[in-house]
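Each of the two complexes below includes chain A, the first together with chain B, the second together with chain C.
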Partner chain A sequence: MTAAAQIAFLGRRAFLRSIRQPGQMAFALVFPLFFLFVVASGLDRAASLPGFPADSYVDFMFAIPFVHGALFTALNSGIELGRDIDTGFLNRLALTPARGIAIMLGNLAGGVALVLIQYCIYFAGGLLMGAHFEAGLLGVPVLFLLAALGAVAIGATAMTFALRSGSPEAVQGIFPLFFVGLFLSSMNMPRNLMENSWFQWIATVNPVSYLIEGLRSLVIVGWDPEALAIGFGVVLGAIVLALATSTHAFRARMTRT
Partner chain B sequence: MIHVALAVGFRGLKKSFTNLAFVLPALMFPVIFFVGFAGALSDVDQLPGFDYAPGYETFQFGFVMLQSAAMAGVFTGFGIAQDFERGFARRLMIAAPRRSGIIVGYAITTMIRWFFNTLVVVAIGLLIGMEILGNPLELFALVLLGLLVSLIGTLWAAGVALRLRSTQAGPVMQFPIFLLIFLAPVFVPIDLLTGWIHAVASVNPFTAFIEGARSLLAGSTDEVAVAFGIAVPLAALAGIWALTGLRSAERG
Partner chain C sequence: MSAIVAERLVREFKAVRAVDGIDLEVADGEIYGFLGPNGAGKSTTVHILTTLMPPTGGRAVVGGYDVVKDGPKVRELIGAALQEAALDPFLTGRDHIRLQASLHGLSRAERASRGNELLERVGLADAADRKVRTYSGGMKRRLDLALALLHRPSILFLDEPTTGLDPQSRNALWVEVARLAREDRVTVFLTTQYLEEADVLADRVGIIDHGRIVAEGTPTELKAEIGRPTVQVAPADPDEREAIVKTLDRFGSPVDAEPGRLAVRLDAGYDLADVVRALDADSLKVAHLELDEPSLDDVFLAKTGHRLEGQAEAQPEPVGA
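Moving on to the complex of A and B:
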């Protein structure tokens, strides 16, 4: 079996395992849309602030469910890997000809397949709430691609935690850390309109801001090469870093085994 | 009953404060919400019609304080459900001469835990420039309001947990509270809300709690009587809900 076939096989397993947990699936689908709905309604007036970059707050927030979805689903991938270690499945898998890279990428591929389906629902939900998408039809795959790469970066980071701890609970425990990254970013307000300089500084050094701004540029500007280049650059950098650490953690785990 | 309540309360507090896995999530969420909303959205107080003297940090603190109070109750409900799944709650019910003390014990744990978490949020708020204009008596009333909201959240979640006795019931405990919390004037005063959310927020009891808390923080007593006038009977209703849940658990 080639590495690609192994990735496809293990990806299918990860995908099916996730969709067989309706509670988790429902949360990952409902929460991001609910959050968009209530925040966009509650902060509708904020769009009238001088210098606000979007016509409505729902446009401004439209990109956020994609990041939420990436976070929930990618974190679940890490939790499932932690469960595989906990139950001894990974040890049994290590006795088969499956390559290490296929095990890791297969796990990530299952998560990515799932978020792509979720993104279709978020996109339709956002449009139903009155959002406008400036980049047009060609922008949709770019939006999905950038958000899915974000999911890969988060998923690979969660996998590192799973491989180091071998416990699904430990991976679940890092959820608040990702949440910090999301809330201390330009999620709710453009950085130039942040009155508090300390918060503006945190949002500026927080890479999540650039992922959000890249996604948001497709919604409210259309095609902004600078925002997209920075968004893709930051996410690809995060993926390289996260995959390097998770590969190292994988080797260490297999050596211990 | 007091002995049962104290024993359950002590166990809950020990579990809450000695296990980082319990301490951190319960503490981090209010901190994240507070810093995230107050920090990023401070420009919102420039909106025409936004008239709140202490500033946006305090405006958000009023919300986060009550949100964490209600959610602390929900977390306790998760704990009760977990105790049933592990068989501990059954043993507890056999051992307790007055079982209503079990609910009181869980409520004591939640309220103390919430108070501790709120102190941390206050400390962070003061560091980032939050102003509190209320006098000591108003602040005492504010804490009392928070404790009442925490009690309502606990009794609601306990009632669900005692009926369903499974952690699968988590969304049933969480989602109605979540809806109430976020369908209130979270980011701007109710007068600045428009459309359907204004209509929903106008009849949402959580709106009265938030407005009461924000008044007390600003050194005013506007809306405070309404907040307590709703919170006290709601706590009594939630108490009946929890006690009938206990009867349901006793029947098995």
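Moving on to the complex of A and C:
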């Protein structure tokens, strides 16, 4: 059996497991839209700052639910892998002919399928809140693709923690780190308008900023090749790094001969 | 050809030697009971034999393949239900069957037919579309067994399959395991900490303690090794006590008995019926009479110096440490 088929079977399992936990699903769906609504309505006047790149704050923040959704769902992929290790389900899979890479990517594939559904809802929710999407219809799949790649990068990082610790609780424990990482980016303000130099420096070295700016460019500019190239480049680089570390951790964890 | 062979098998976890030079051989179609308390090295041995963990010394061959060099070949031949029935609570029984069958490369038609056959056989056909989190412990164990059998393995590893089960579920599992060995000629390597389970199911038993096999043989051989049965008698009339002692002395040597009772270990050639006939012939009345066969617990005591019963909460085994 091909690795692709194994990824599909394991991805289906990860997807089913997630959609059968409505509490978990509801949070990942509601929080990002709620955050967009509260922040965009509360800080709308920020759009009138000189040099602000968007016509409205809701346009500026429209990409953020996609990053939030990627974060929640990808972290859940890591938590579920931790649970599989903890309960021995990983050993069950290890006794089948499933390849190690298929077990890892299958877990991520289920998460990606889930975020793509969530993205449809965020997109519709953002438009209902009055956001304008400058890239047009063709930009929608690009937006979804870049955000989904972000989910893969975060998911692979979370899986590394799961494989190192073997504990779902340990993966849950890193959630605040990711959230802080999100706040210390250009999520709320464009980098050129940040007055505090240390914050601007952190946001500049923070790869999350480039994911957000790539997504945001589709909303407020339309097609910005530079922002998209940097966004895709940074995210793909993060994926390669995260998959390399998670593969290494997987080999250490899975000691089957 | 032997289904399973282990030679001087060792597994160390830092300072702990969980498996300490095990030698064993399991014949094709045999049910081999691996009996020992928690922490004795049973699960570690199973993890090595099922390729989930390499040994740190010695070698093992399963189905003709070396477990270290030919892991994938071994996995094709074996099925395993490990100590925890590791199931996804949010999937149904049928989802599990479908996933595992798919990963084993069964065709869509085979997945359905083999899955239905096994669900029927383990009594889960009606519950197949329910999420596993609604299953009882016994149902989870039965699903675990069905999953282990999906790809028709010729060697089955069951790691404490009945721990925590109620007597009814335990009996049902015993029946199925016995059937697999007798009808399907599946070799079964079964670890257990229950003496009765090893006694009822296993063709041969290996007793493991502190990572070493301390005794091996059929349950009958092992029990015979440590002695003959004992007859215990409670006299109905205390005044006849001395007379009963004299009668019992004709059949063997006296041994310690419970308070108010007399006991004799029977010499070869005598059995309970001989004692009953003699007491009757001497017109001696008894209030209670019982035959105590040596148990595997007695064997365990004789071989290790401590009893197996009551050891279940002893040190946990450092599998996967």
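The definition used in the following text is that the second predicted complex is superposed on the first by the 255 of 257 C-alpha atoms of A that agree within 3 Å, B and C clash if a C-alpha of one lies under 4 Å from a C-alpha of the other, contacts with A are read in each partner's own complex, and residues count from 1 in each chain.
Following the convention adopted for this analysis, a residue touches a chain if its C-beta (ideal position, glycine included) is under 8 Å from a C-beta of that chain, and two chains touch if they have at least 3 such contacts.
Quick caveat, the model's predicted, so the values are computed rather than measured.
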| item | value |
| --- | --- |
| Clash or fit (per the criteria above) of chain B with chain C on chain A | fit |
| Touched partner set for A:27, first chain B, second chain C, both or neither | first |
| Chain B versus chain C as contact partner of A:255, first or second or both or neither | second |
| Touched partner set for A:42, first chain B, second chain C, both or neither | first |
| Which of chain B and chain C A:94 touches, first, second, both or neither | second |
| Partner chain(s) touched by A:180 [first = chain B, second = chain C, both, neither] | first |
| Greater residue coverage of chain A in the superposed arrangement, chain B or chain C | B |
| After the two structures are overlaid on chain A, angle v-u-w for chain B, chain A, chain C in degrees (C-alpha centres, nearest 10) | 90 |
| Partner chain in contact with A:17 - chain B first, chain C second, else both or neither | second |
| Touched partner set for A:201, first chain B, second chain C, both or neither | neither |
| Nearest-approach distance, in Å, of chain C Cα atoms to those of chain B in the combined model | 16 |
| Partner chain A, residues of chain C touching it in the complex | 50-54, 67-69, 71-72, 74-76, 78, 80, 82-84, 86-88, 90-91, 95, 99-100, 102-105, 131, 147 |
| Contacting residues of chain A [partner chain C, same complex] | 1, 5-6, 9-10, 12-13, 16-17, 20-21, 87-89, 91-98, 255-257 |
| Contacting residues of chain B [partner chain A, same complex] | 21, 24-25, 28-29, 32-33, 35-37, 39-44, 46-47, 128, 168, 171, 182-183, 185-188, 192-197 |
| Residues of chain A that touch chain B when the two form their complex | 23, 26-27, 34, 38-39, 41-46, 48-49, 169, 173, 175-176, 179-180, 183-184, 186-189, 193-196, 198-199, 202-203 |
